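Structures follow.
Across the two complexes that follow, chain A remains constant while its partner is chain B and subsequently chain C.
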Partner chain A sequence: MIQVDHVYHDYEGKGIYAVSDISFTVQSGKVFGFLGPSGAGKSTVQNIMTGLLPVQRGEVRYDQYSVKALRTKFFNRIGVSFEQPNVYARLTGYENLKYFAALFSAPTCDPMELLDSVGLREAANKKAGEYSKGMRQRLTLARALLNKPEYLFLDEPTSGLDPATAASVRELIKAQRDRGAAVFLTTHNMELADSLCDTVAFLYGGKIAAMDSPDALKRRYGKRLVTVAYQEGESERVAAFDMDHREALVAFLAQNNPITIHSQEATLEEIFLLVTGKELTA
Partner chain B sequence: MRGLLALIIQDFKRLLTNALFWVITASLVVIILVINFALPQRVTQEQYRLVTNHATLSGELATVADSEDEIRQAVEAGNTIGLMRKADGSITVFHPQLSAKTVHALMVTIANATPVHVQVESIHEGGRIVPFNKRMTPIFICFEALVIGFILGGALMLSEKEEGTFRALRVSPMGVDRYILSKTVLFSLIAVLYALLMAWFSVGFDFPALGFILLSFFGAAIFSLLGLAFTSLFKDLSSWFFSMAFVLSINMLPVMAYMEPSFSPLWIRVIPSYTIIFAYESILFGAEGITVAATLTLAGWCIGAYALSRAAVGASLLARGRR
Partner chain C sequence: MKSMLMSIIREIKLIFRDGITVYLTISPALLALVFILVFGSIQESTIRLAVDASVPAEVIARLETVADVEMMPDNESLVRRISGADSIAGVLMRGQTFVLLVEGNEAQGFAEARAQLIGAVLSGETQEYTAVAVESQHSLAYTISMACILLLALFIGGASMGLSGVNERESGVLRAITISPMTLLSYVASKLLPALLFGMIGIACCVLIMGRMDTLAPFLLLAGGSVFVSGIIAFLIITFADNQIAAVGVLKIIMPVFLIVGISAVFVPQGWSILYYALPMYWQYTAMDAILTGKAALLPILMTLGTGMVWFALVMILFTQKVKIKAWR
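Moving on, here comes the complex of A and B:
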């Protein structure tokens, strides 16, 4: 469990906070997502959590241990993937993983299997400098998984990936969660947050604007409509029902021949707009 | 230490793709060729006139002078060495800042030419007469083979900073000791190989190999460690390069003391290459090998450089909460 407690960060020391009053908990076996537009402060929070930035105010705890007092050895239990893919350009993908694998005293995954799981097996012996940005990003992700981390940090794991690759990365993250890792991820991709996160925090202007499970957020802010497409004579028609008055829906379904039924939930994107007044992708 | 070898191997692979590494390796070949073929075996000395009031020495060799003042004036006028015989029979040499070795040679000549006893103090007792080109070998080894870690350790570290892999190392269990040790050991191994090649090709196989290898290994370690400490102050290659070259040229100042043993002020002796060059000289050409004092000095440098490197690299690599 990672506990973030009233964390603030001021880069320049001029009283302008990049993030302020951030508090949340990441549980083992769960995925916690930071959803917010670029510049919201997502990476700042991740960097404070991993110790790359100092904890200026507040506290970050791994179980009982403050991040300020972590020993080098503790990093055997952490995996970090960066927003800017940072790999050894002069080494091949495989050598990159071998290099980092040598750093851990904890058991590590087989580099080739990991490369396979991120779709880089074919490119394993190519210099990482010749990789596309998306490939380097997947290599960075694979590197974060090397030591089967208990705490996994993923900064924008799917940005710049094509939908098929993004979907496979999503499966990979799910597997990490199922293995019992506490996963912290940042994204401005609403679908990723929706499909993957047990808890989502909306980050905007360095502050958490809302935080809950995607379903709970939708329930709280969504319109809660159900639309039914049904056959009437030769034509296909659609009817909408308010979920607060379900009797009408039940009666309707009993008397008609429905083709499809959709719950007309608001998307996280719409809710983000509702809560913060800003578009997610702006 | 676990994984150290794997780290060394990967760093070596990165090195093989580094242009600077090949520049240094190519210059190794050039230097071996220069030592063997381009440098003269003897450096021609300037011609000096001799001025003296000493009857035995005058004649075809020397201009005769009558007084001490006359001798002094002649020497000050240039290109002249004065020999003055005093009333008690002793001889004083006036010279235009010749090296101790030259004066020594002069005194020996006088001692042979006169029945007068001339007191001579030898600077490098027991040394063989070493041809000039071979005598340069310690200098080339020190500033070619040994400084490889100073230059390339820094280059590897800065490419890690520029690529951002340094940040990945900071959230790994790398630790500062493993970071500096893996790089230092790599460069020490390369330095030993290069130093041996240079020594074999220029002076042959007639020197104590173990002492030579240890000196090369730890000498190179000193430079690698200092280089890593120095480089940790910089963020990118371009700002580092000229400062690095400047520091390297300061490190070369002890060459002056090597060429001119009478010139060895304290500030030159505290530069690590001073001890290293003279240690190479005594291993390659001396009868007695490396001295206890030099061994202790180098051990001190190793420990000091390690501590410095650990502090400097640690501050940028491991201090939690620094970008």
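Moving on, here comes the complex of A and C:
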């Protein structure tokens, strides 16, 4: 479990906080989504959590151990996949993983198996500099999984990937969650967050604007309506029904010929707009 | 230990997969080849003479006791042979007088020594001789040129590791290393050990090409003593350059500093030398000068190591602050 308590960060020491009063918990075996536009402070929080930035105010704990007191061995337990694929361009995919595997003093996965799991087995002996952006992104993800991390940080893991590869990456993340890893997912991809996250937090202007499970947020901010498209003569019409008055819906369905029926819960994107007044763009 | 070994292997792979770094690594050896073209190899220290048919057989026999003698069929061939690219003098007879024919571009000391020796042999005074040191090979120009190439060989090891580190910084790999179990000490060692290895290989190649194998052992010791100087070079580049273009800029500044500062001590008054004592580059050059002239070099080598360590520690403080890497964890 990762616990973040009232964390602030001021880059220049002038009282202007890049992030302020950030608190949340990432449970083991759960995916926590950190959503926000560019510049919202997502990377700042992740860097504080991974020790790349110092904790100026507040506290970050890994199973009760403060991030300030973490020693070298702790880094055997975390995996980080960065948004910008950062690999050795003049080493092959396999050499990259083999090198990083050697840095761990804990058991690691077989590099070739990992490359296989991210669809890079065929390109294992090709230099990473010759990979496409999506391939390097997958290599970075594979590197983050080398040490079977207990705490997994993923920054835009599906950015630049085609739909099929993005779907396989999504399955990979689910597999990490299912084996008990605490997954911290930073993204502005609402579909990904919706399909993977147990909890999401909307970060805007360095502060958490809303935080809950995707379903709870949808219920809280969405409209409890059902729309029914139906045929009337030659034309197609749409009728809306309040979900709290089901009798009217049932009566309508009995008397008409419905084509489609849709509930009108809000999407995470709409909720973000509602909560922050801004669109969630990269 | 395993991570350090893998890091060294990785550095070697990266160097040999980058054309510019490969060229950098072999450049001191190329310069050493130019050096022997300019100064000649010390291994070619025997006197070589060409004679024509005018010289009597018993005189040729006497000349063969002190020199390698080549027979030329006539005077024209003799003159053509002497005008060739190598260093050879000619002997012929005009009437009853011996003539020593030279190209005219030999170092003064060498020409005089050779003339005296040949004169003595031809007059029948003596056939015994001792080797005379050739002036140009212990001249200041000779020592400084050789030292420059050897300093470059040591510089390149550090510079190559610096460029490799800049690449890690630019690509973000350094961030990935920072959040791995690799400690700062291991990272530093992963740069210093290959720099030391390349420095040693570079200096050994140069010494071999320049025909000074007699100085190999002390020069390898100096390469070992210069390990922190290589570290200063590497980490100065990584600290002040976050991309390859900036790295070239930093190289342009530090390369003359590391090659010239030590040598410049030769040109300042003796009393001012004390100003150089804190600089490892000064001790590097002093050690090289001592090795080349056959003096004791252990003290300057140890001073190179000691002063290098102090400056390296200061550079590491800058490095850890600039790249936000934790010194201890």
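Simple rule for what comes next: the second predicted complex is superposed on the first by the 260 of 282 C-alpha atoms of A that agree within 3 Å, B and C clash if a C-alpha of one lies under 4 Å from a C-alpha of the other, contacts with A are read in each partner's own complex, and residues count from 1 in each chain.
Here is the rule we go by: contacts are C-beta pairs under 8 Å (C-beta built on N, C-alpha and C of every residue); 3 or more make two chains touch, one makes a residue touch a chain.
Predicted model only: the values in this text are computed from it and were never measured.
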Label the relationship between chain B and chain C on chain A in the superposed model as either fit or clash.
clash
Give one of first, second, both or neither to describe whether A:239 is in contact with chain B, with chain C, with both, or with none.
neither
Does the superposition put A:55 against chain B (first), chain C (second), both, or neither?
first
In the superposed arrangement, which partner chain does A:249 touch: chain B (first), chain C (second), both, or neither?
neither
Is A:167 touching anything from chain B or chain C once the two structures are fitted on A? First, second, both or neither.
neither
Contacts for A:72 in the overlay, against chain B (first) and chain C (second): which applies, first, second, both or neither?
both
Where along chain B is the clash with chain C: 3-11, 57-65 or 111-119?
3-11
Show which residues of chain A both chain B and chain C reach, each in its own complex.
50-53, 70, 72-73, 75-76, 78, 80, 82, 84, 86-91, 95, 98-100, 102-105, 143
Would you tell me which residues of chain B are touching chain A in their complex?
2-3, 6-7, 10, 13-14, 17-18, 159-160, 163-165, 167-175, 178, 318, 320-323
Footprint of chain A on chain C - complex, ascending:
2-3, 5-7, 10, 13-14, 17-18, 167-168, 171-173, 175-183, 324, 326, 329
Of all residues in chain A, those that touch chain B in their complex
47-48, 50-55, 67-68, 70, 72-76, 78, 80, 82, 84, 86-91, 95, 98-105, 140, 143
Contact set on chain A toward chain C in their complex
50-53, 70-73, 75-76, 78, 80, 82, 84, 86-91, 95, 98-100, 102-105, 127, 143
